[in-house]
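Below is the structure I would like to discuss, written out as structure tokens.
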Amino acid sequence: MRKNKIKQMMQQGKPVINGWLQIPSTVSAEVMSHEDWDSLTIDLQHGLISYESALPMLQTISSTEITPLVRVNWNEPGQIMKILDAGSYGIICPMVNNKKEAEKFVQACLYPPDGYRSFGPVRGLIYGGSDYSKHSNDEILKLAMIETKDSLVNLDEILSVNGLDGVYIGPSDLGLALGEDPGFDKNKSTKTYSEICKILDKAKKNRIFAGIHTGSAEYALEMLELGFNYVSVGSDYRSISAHSKTVLSKIKN
Amino acid sequence: MRKNKIKQMMQQGKPVINGWLQIPSTVSAEVMSHEDWDSLTIDLQHGLISYESALPMLQTISSTEITPLVRVNWNEPGQIMKILDAGSYGIICPMVNNKKEAEKFVQACLYPPDGYRSFGPVRGLIYGGSDYSKHSNDEILKLAMIETKDSLVNLDEILSVNGLDGVYIGPSDLGLALGEDPGFDKNKSTKTYSEICKILDKAKKNRIFAGIHTGSAEYALEMLELGFNYVSVGSDYRSISAHSKTVLSKIKN
Amino acid sequence: MRKNKIKQMMQQGKPVINGWLQIPSTVSAEVMSHEDWDSLTIDLQHGLISYESALPMLQTISSTEITPLVRVNWNEPGQIMKILDAGSYGIICPMVNNKKEAEKFVQACLYPPDGYRSFGPVRGLIYGGSDYSKHSNDEILKLAMIETKDSLVNLDEILSVNGLDGVYIGPSDLGLALGEDPGFDKNKSTKTYSEICKILDKAKKNRIFAGIHTGSAEYALEMLELGFNYVSVGSDYRSISAHSKTVLSKIKN
Amino acid sequence: MRKNKIKQMMQQGKPVINGWLQIPSTVSAEVMSHEDWDSLTIDLQHGLISYESALPMLQTISSTEITPLVRVNWNEPGQIMKILDAGSYGIICPMVNNKKEAEKFVQACLYPPDGYRSFGPVRGLIYGGSDYSKHSNDEILKLAMIETKDSLVNLDEILSVNGLDGVYIGPSDLGLALGEDPGFDKNKSTKTYSEICKILDKAKKNRIFAGIHTGSAEYALEMLELGFNYVSVGSDYRSISAHSKTVLSKIKN
Amino acid sequence: MRKNKIKQMMQQGKPVINGWLQIPSTVSAEVMSHEDWDSLTIDLQHGLISYESALPMLQTISSTEITPLVRVNWNEPGQIMKILDAGSYGIICPMVNNKKEAEKFVQACLYPPDGYRSFGPVRGLIYGGSDYSKHSNDEILKLAMIETKDSLVNLDEILSVNGLDGVYIGPSDLGLALGEDPGFDKNKSTKTYSEICKILDKAKKNRIFAGIHTGSAEYALEMLELGFNYVSVGSDYRSISAHSKTVLSKIKN
Amino acid sequence: MRKNKIKQMMQQGKPVINGWLQIPSTVSAEVMSHEDWDSLTIDLQHGLISYESALPMLQTISSTEITPLVRVNWNEPGQIMKILDAGSYGIICPMVNNKKEAEKFVQACLYPPDGYRSFGPVRGLIYGGSDYSKHSNDEILKLAMIETKDSLVNLDEILSVNGLDGVYIGPSDLGLALGEDPGFDKNKSTKTYSEICKILDKAKKNRIFAGIHTGSAEYALEMLELGFNYVSVGSDYRSISAHSKTVLSKIKN
């Protein structure tokens, strides 16, 4: 089975830079997949993408060495299994609150006896290889988002769930959960920043990967230096907006 | 943030006439959005529409002043949050049976601390404006359908749920629930009609909006006179059928 | 091969009532195909439909006995042959100006030695039957639009083109060509009306079918009484608009 | 209402040969629907198909006498009801573990008072007929998959659920559940084969239909001889692969 | 009829900054339409977009005040008329070589007696208004690309064609035509630059608008200072690539 | 620039086995691209595919080493250039009748000064590499179909057109042109077979490649032995039909 490239990188202590896809198009996905991202995450939650678009996007990304991940829009086994069958090499699951939810999520990604994923890996076989059924439990990344109040309370039990490969921090939701503003790139004086540090610390102690969503290259670098294993920066959607603003301000001012 | 026009109308005691979209096409949606409807509801339940089509329909409707609503196909947080992020200004949730379900629904539409909606309002920002995160809890309409046996039993507790803006009656399901036939525009001798009146009455007492699905302009008027705040009449789908029948009967008879 | 039902009807002197599809959706097409139209024309010219949508619309219409026709957006062989392969049982070709253009159109619909249609009838075989290649030259309706100034000048030579089954009048373009306003349902005092009568008369003399686009059941009836073999009335698109206006004026006034 | 052809066949003791659709295209669906299958199942679970594609596939299949079924990707009422409204004449539900889940599934297919399906059968009316609401509870096939460890333990209670028409065996998942390899066409020495026989036996005792997924005509025949009422063989997806391999090995060797 | 905003701006001597759409998605189109572009051009030639995607993109752009233009992929009347009916407020036509071709193009955009556009403006009516047929000949921008060897030879006759509103320079094709490299933002020492200046000069003499495609804000500014009326800069597609490169180089270096 | 693998193979005297895509789906395309075909041709003529579907199919095929070709539906420069920009590595052009048409076709594939292809190779750069503009005139295969009466008469002049890489024989159209039946795999007693041999012979004399469409592995082998450089066999569409027939006849007989 094709190795999960970013899992290997993280195991070797290399930082992973993850691109973010919010536009439902194989064209934007292909442009992104020819830049130097290590992985690309198709966002079925806050991206404007559903399965129908995600499938050809996964097919398009497959022409490069970039590892394809998907953030599902909810902790729902049918959706998780379906997108794994479509060839995703990892799942980011939002709003995981406690151990039970974490297990429900992780085990949806695992074939028995480790979990309850239903067998029929169609594109998994094409993208991963004919021995997919033997190795997919290992290769597929299972990443739980830590972003709700409950998840902070239950952090230890979540992190100890068997098969969970890592956590992913959504700073906007985490901010709201803590009574602060949403938004990326929290500064050090915020409660959210403190909690981010605690989550990172606990993830390290549990020897699982820690990742975070950021809004700029500068903050992404800061997070990597802090010890995060993987970071996301912006998105295809935000690139268009940001680049347009830059161009137009140069011309119009 | 852009104001929810029909919420304002209802608060001012003005009747809201809602159009209904069952065809998965931006073209039919655009035709409807250039007629004099106050709001348009994209029906993800009994319409033949899913997210992939609903998104460009919402984008198309955005070129007019008509308020866009969506009926989801189930009380499922992932679906509700995703369509809110796509810019819907209200959710009609089917088959709400009791307080717990009503809260699950309403809180899926609300950012913490009022609810558990996940943050990332993409098109919400584009359609609503840059201060979406501050005001969306207020502007988004949360409308629960009253149409099952259980919902009649638990009506009081449903109506008292914090943040619920109104109820919407599905006369077909309500009829079936009461052992009568499905179908719109119940006459006064039916049990369903009696229950409709009771629901309306209780909604008024709880100071929340009441709406109902109808099959004709005449019945819609009757319902408005009865005190309903908003009514839906037919659909794009039914318009094609009705108009064809009219034309063909004139020619062929 | 499945018989062309409306060709048979016209040969037997029966009026054909044609429905018009401008919305790119299988759903609106299916609703129309379950009303009592004799044929349905997918409009690739002034409809908002291209091949990608027309294909599943043709597949959907195939579940009924209604004859499927297509109006192409230009007299282009590639487009004409492709939509015939998709199972259309007739082509309405716009803007035919003279004999050469009429022959170019008609022969694009005919296999050699009668024309130059390329062989590969895929859905033609599925919809028409396995002997499609033997009979399709006969069954497929070739209908040229008469609507430009030049076409009036060259009418006789156009009507005499071998294999042409009929003409179709576009009253809006014809009106513009004659220096009058566009629009359907011309009254008798207009130049356009006079030309319509002449075209009808000449079609009859050439023993080919004559059809016209109309905007109302009343005018369609008038045209049938005048001797037209087939008439189109409104469209799915216009039905939605017309029906909405009716409903809304009843409620809002 | 249009009769469920394969339900009738099975009641008459005739074997039903079911084709399997994994490709999201009306074209592959149409090719399959013009071969001699008795029914076709659109696979929303391990097929690469979602609602958006399934809808026009159902519309396309409707032009033939083949009974359309759908396998949903999870036991989720919103999804089940929506695809029934789209005209599916039966649901195969994966991963049914116990009585409660079986009831949740079956009752999602039934209008009150037998179940809790919401009323609004749109395409059901078009495909089934105007008396759909009266007969659909009977005509729609409700088929539960038996493929998990728990389902074996709870088999008796599952089979006794009111309204359940039959079971469907997924040999791959069943194999994994029993600690054996996934894959179709188990040989007689396997535990999976023994369990298949037991399930078949119990289904017969409960007078409900039994079906199984197979990978070859030979094994399908064997299963029919064993007493199964319906069998699926391969899929459109696998046909392309298998046929290509045959052709290429002939040429390249 | 809605005024053509950028035509007015150019008449008033204001520079027009045009954005460029190459991604077939309403989402990227919507992001672009909420930045400060004066107009947006959907590129059906070297963009990865066809009619099926362009239609909802036009519908989406319509929610803003940005003027929508389309570059067609060839000088074909069917394609030009169809996209005008879809609501485009201007056409950029590639590869115009001589007077005859220029007239063929321009007159495809004009209703008789000025041209031969076929009547049926569907979305034109919705976007432009109910008096579209009266004013569209004036409002629609007809822009011919000057980029081939022949077009340089025949420049005077092209520029004098009645109804032509302006020219648009494709520097890549022009470069190739002159035996230089393709690419944007030619420096002053190139033959291409000299020709660009000549074209601009002649356009001014013929009192029609001149525009040019550029690859950077800096060059766009230079072209505006040179006297160009409108400039395009980059594209949505290039924004994603450029922004990703910037972010990744900051992090990885 | 990525080398054209099948051009290299043919230059080295290796037979090329070409698969044929008629289904508009990335899924069928992906299945085909993981079988041992040397090249795959997306058929925009008699396949049920248009640009909108062809684009993601090309993106999907790009994940393998299989060379992607496209058959356009007509000798139209706009269509040819657009699909080359989408990354096709060769064009099969139908119905080429004479030298002028052959030159029109070939030069549409070539940048100046060899032809008149417009510059803007978007996906060409992604699939081919950043030096695409330098080498694409060489790498892109230009293949003219010989299948009409006129093409037989004008064969010598067609074959001598500069830049033409090869011919492709459509036996069905050729059969019709010669007054015989359409269909593949002509036997030796037919006029069509004789002409096929003559075309092959002349292609060899002009040192260009010769290919032919076949309906079976056996006939494909025969054609390769006869000296053809490349052969197509069946299609994805026909595979589904053929494989279903095999399976069903085994079970039902």
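Letters A, B, C, D, E and F name the chains as they come in the text, with residue numbers starting at 1 for each one.
Rule of thumb we're sticking to: contacts are C-beta pairs under 8 Å (C-beta built on N, C-alpha and C of every residue); 3 or more make two chains touch, one makes a residue touch a chain.
Small disclaimer: the values here were computed from a predicted structure and weren't measured.
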item	value
Chains touching both subunit B and subunit E, listed by label	A, C
Third chains touching both subunit F and subunit C	D, E
Proportion of interface numbers common to subunit A and subunit F (over half same, under half different)	same
Centroid spacing, where centroids are CA-atom means, of subunit A and subunit C in whole angstrom	53
Cα-centroid distance, subunit C relative to subunit D, in whole angstrom	42
Centroid spacing, where centroids are CA-atom means, of subunit B and subunit D in whole angstrom	34
Residues within subunit D bordering two or more other chains	22, 24, 27, 31, 34, 48, 50, 52, 55, 76, 79, 123, 237
Pairs of chains found to touch, sorted by chain label	A-B, A-D, A-E, A-F, B-C, B-D, B-E, C-D, C-E, C-F, D-F, E-F
Residues of subunit A touching subunit F in the complex	26-27, 30-31, 34, 55-56, 59-60, 62-63, 123, 126
Of subunit F, residues touching subunit D in the complex	17, 19, 22-25, 27-28, 31-32, 34-37, 48, 216-218, 220-221, 224, 231, 233-234, 236-248, 250-252
Touching residues (chain side subunit D, partner subunit B) in the complex	50-52, 55, 76-79, 81-82, 85-86, 111-113, 116, 118-123, 133
Touching residues on subunit F, where the partner in the complex is subunit C	22, 24, 44-48, 50, 52-53, 72-74, 76, 79, 94-95, 147-149, 170, 172-173, 176-177, 179, 181-182, 237
